[in-house]
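Next come two complexes built around subunit A: one with subunit B, the other with subunit C.
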Partner chain A sequence: MILIGERINAGFKDIKEAIMNKDGDTIKNWAKIQADAKATYIDVNMGTASKDPATLCWMIEQVQSVTDLPISIDNNKADILKEAIPVCNKPPIVNSTTAEAAKLDLLLPIVAEHGASIIGLSMDEEGSPPNAEKRVENAGKIFEKIMEYGIPPEHLFLDPIVMPLKFKQEQAAAIMEATAQFKFFSDPPCHIVCGLSNISIGAKHKKLINRIFCTMLIANGLDAVILDITDKELVDAILTAELFMNKQIYADSYIEAFGS
Partner chain B sequence: MALPDIKEKWTYKINEVTIGAIEQEGGTRGKTITVGGQTTLPLLSFEGNIPNKPVVAGYIANAVPDWPDTILKGIGDEVKSPVEWAQKSVQEFKVDLLSIKLIGADPHGKNATAEECAKTVSDVLKAVDVPLIIWGCGDDEKDSLVLQACAEAAKGENCLIGSAKESNYRTIVALCMANKHKIISEAPVDINIGKQVNILLRDIGYNLNDVIMFQTTAALGYGFDYVYTISERARIAGLKGDALMALPQICDVGGEVFRVKEAVADEDALPGWGALEKRGPMWEAVCAGNYLQAGADIVIMAHPVAIKNIRQAIDKLF
Partner chain C sequence: MILIGERINAGFKDIKEAIMNKDGDTIKNWAKIQADAKATYIDVNMGTASKDPATLCWMIEQVQSVTDLPISIDNNKADILKEAIPVCNKPPIVNSTTAEAAKLDLLLPIVAEHGASIIGLSMDEEGSPPNAEKRVENAGKIFEKIMEYGIPPEHLFLDPIVMPLKFKQEQAAAIMEATAQFKFFSDPPCHIVCGLSNISIGAKHKKLINRIFCTMLIANGLDAVILDITDKELVDAILTAELFMNKQIYADSYIEAFGS
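What follows is the complex of A and B.
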């Protein structure tokens, strides 16, 4: 399972303040916490705190000063990505693009040039997809484009667009159905990722909802997730779900082995 | 449109493990043996690298194994002396390294003492200069004494010591760390226990780069397919990134094959099965060859004819 640590995001107050005050320590600290919790990638997002590519580059450098983990660059502006990708020590994931042709034509050449990966959101100019069919249609458009630009399927992370359970309860089944269908675009398949915490927006039992939905998506083929990597019960549930899917070989101490 | 590339893309590399130490490394071996390091499945060199060929370890013991005369005759009178057996295996059978099983220590058999076993190990090390694999007799209690004495006698030689199980891994780790040896982790035809033993070794601070996995070995016709699939599944998991399974593997073919009727019963008992003289080594060679295909990096073998056949197969195919 590819675990993308979500915490270095200007949506969090401490990160926003760290960006404003050029406080590298807070960013380094979160990078270290997430690396220790065994993240596979560290997501870096400057949100509305800055529009300057140099800020994002600085954040990436802070993360890379404390961990060798690759970066998930949480930005979709071509001019910013052009500066941020070369700063990354390892090929990053670009987070993200939609299925809009103009956007794909702008971002995919940059991704291809640097051997990076990209998250493709299964939504287009019409906005969020109302059902599984529209998700698959949008994902198909993205898939076609990456082939056109010579990006291998393993560099694509398709995202079925997770919507809050509390407000869009009927969408959960559509998300799972779309996830199951994304697997069949190619062999070997591309990755399937989601921004997990969207499912529990506004809900009371956030962690439980995240955990259960994540395992249900894994059962449908999800193999990457943007998550709170410090949520141990969530990570343990993911490790267990991977055993059910026969993705990992069972051993009595499989939980302890992941942490050590 | 170009044909799609359907080659498997593995992401991980099997650990490379070196056995034996030359003088500069604190030992007295004339050469070392390195196994592992692959980035692909056996024989599929077009999908990755196979930097080290599999190797043949010659089976020797400190007591004459309970094998039929026909098989023992194939090896020669030297089976009565571990030192002479070792020398013949290296000089005539051309094995890459040796694997000594201290079956003579068995409390229900010759019951050789730990000191006697250590002396045998020392003598073998003096008589030949290839790396050595050292196994106990299979009795955990006795082996803790035997392996301790042998590990000390072979200190600095970077031997491979067998074996660490769930029941005794702490003892084996302690004696290997103190005397600079490497470990065989053993599981009873059970991939989950195999992984668990590796977790236990890592958790007490032993480096998995110094471990070779032993899934136990089954002779052809006696659970061979179970072990084959376990070895193959372990290798695939390792190549896919499971660090706990990305370890080289060893198979004790000689030690197992000459326990099954197909390889030990003569024609009187099995009319129409062909002369045992030929059938025995053939059974061993076929079994070893198949384990090489499953992912074995070291095959322990006894009969010179079988060894010769497998050597040729390795030279041609790997």
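What follows is the complex of A and C.
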């Protein structure tokens, strides 16, 4: 499973303040915590705290000063990505594009040039998709474009667009069905990712809802997730689900061996 | 979700002793505990403690003296079932038959006569099935026979045969795939059930393994389970998974409202 640590995001107050105050220690600290918890990528998002590419580059540098992990650049502006990607020591994931042709034609050449990966949201200019069919249609558009730009399927992370259980319960089945369908675009397949915490927005039992939905998506083929990597019960659920998907060999101490 | 409480089973030392000593209180106590935990059925199994139909009838009577819940008769002998089923106040589940024709022809007339339900194990005289295809083939044989005997699909509980993760990890995918296929035999479909605790035999993190596999099977269409109903984290996982399957309407207090 590819585990993308979500915590360095200006949506969190401490990160927003760290950006405002050029406080590298807070960012370094969260990079270390997430690396210790065994994240695969560290997501970096400057949100509304800055529009300056130099800010994002500085954040990436802070992370890279304490860990060798690759970066997930949480930004979809071509001019910012053009500056931020070269700062990355390892090929990053660009997080994210929609299925809009104009957007894909702007971002994919940059992704291809740097051997980066990209998260493709299965939504288009009409907004979030109402059903599985529209999700698969949008994902198909993205898949077609990555082929056109010579990006290999393993550099694409398709996202079925997770909607909050509390407000869009009927979407859960569509999200699971779309996830199951995405596997069939190619062999070997592209990755399938989601922003997990959306599922529990406004809910009371957030962590339970997060880990059960994540488990059900893994049963349908999810192999990457943007998550709170410090949520140990969530990570334990993921490690266990992976055994059933035959992605890891069972050992009695599979939880302890992961060492998160 | 149909929750079948597994605890009144002579495989547990206290139940075996209760049978030996005709100690009704231990059986009544476990019936109450499981009813309070919101079981849908109470499974009753006299194991090797007795071969006398009167013993099973006595056990059923103990359970029915403290709860109105229906019984899952955990026995597959026609002569025993013929005596035990009439003792049940409500139509029971017969647990279980295999796909062997001789067995089906012996048990299904009894099930049909009493309006009972039956668990159909997707295994035959050759033993436990090596893959999903064989499971589906065996389930199909059972399905054909229940049609022949005029038993409605909703009285059939197909079981994909859960094998221990520790010893048969490669079977997990086959179990999930078979579960997903069983849905398609009829519309409305039959039930799909499993004996959950088999998955964690010999494993270290039993409860975690149980609840994650149960969640993944629910994602594939499982709607009944033989379980430790007193395992609150397992029940919470099931309640949450059901929301995503759109089987229950979301409410913030869905866990508390179930009241297990």
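Here, the second predicted complex is superposed on the first by the 259 of 260 C-alpha atoms of A that agree within 3 Å, B and C clash if a C-alpha of one lies under 4 Å from a C-alpha of the other, contacts with A are read in each partner's own complex, and residues count from 1 in each chain.
Going forward, contacts are C-beta pairs under 8 Å (C-beta built on N, C-alpha and C of every residue); 3 or more make two chains touch, one makes a residue touch a chain.
Values in this document were obtained by computation on a predicted structure and should not be read as measured data.
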item: Partner chain(s) touched by A:P188 [first = subunit B, second = subunit C, both, neither]; value: first
item: Subunit B versus subunit C as contact partner of A:I249, first or second or both or neither; value: both
item: Subunit B versus subunit C as contact partner of A:K22, first or second or both or neither; value: neither
item: First (subunit B), second (subunit C), both or neither touched by A:K51; value: neither
item: Partner chain in contact with A:K232 - subunit B first, subunit C second, else both or neither; value: neither
item: If touched residues of subunit A are counted for subunit B and for subunit C, the larger one; value: C
item: Partner chain in contact with A:K90 - subunit B first, subunit C second, else both or neither; value: neither
item: Interface residues of subunit A shared between complexes with subunit B and subunit C; value: 249-250, 252-253
item: Partner subunit B, residues of subunit A touching it in the complex; value: 154, 188, 248-253, 256-257, 260
item: Residue numbers on subunit B that touch subunit A, as the complex places them; value: 9, 191-193, 195-196, 198-200, 202-203, 233-234, 237, 242, 244-245
item: In the complex, subunit C residues that touch subunit A; value: 165-166, 169-170, 172-173, 176, 203-205, 208-209, 212-213, 215-216, 218-220, 236-237, 240-241, 243-246, 249-250, 252-255
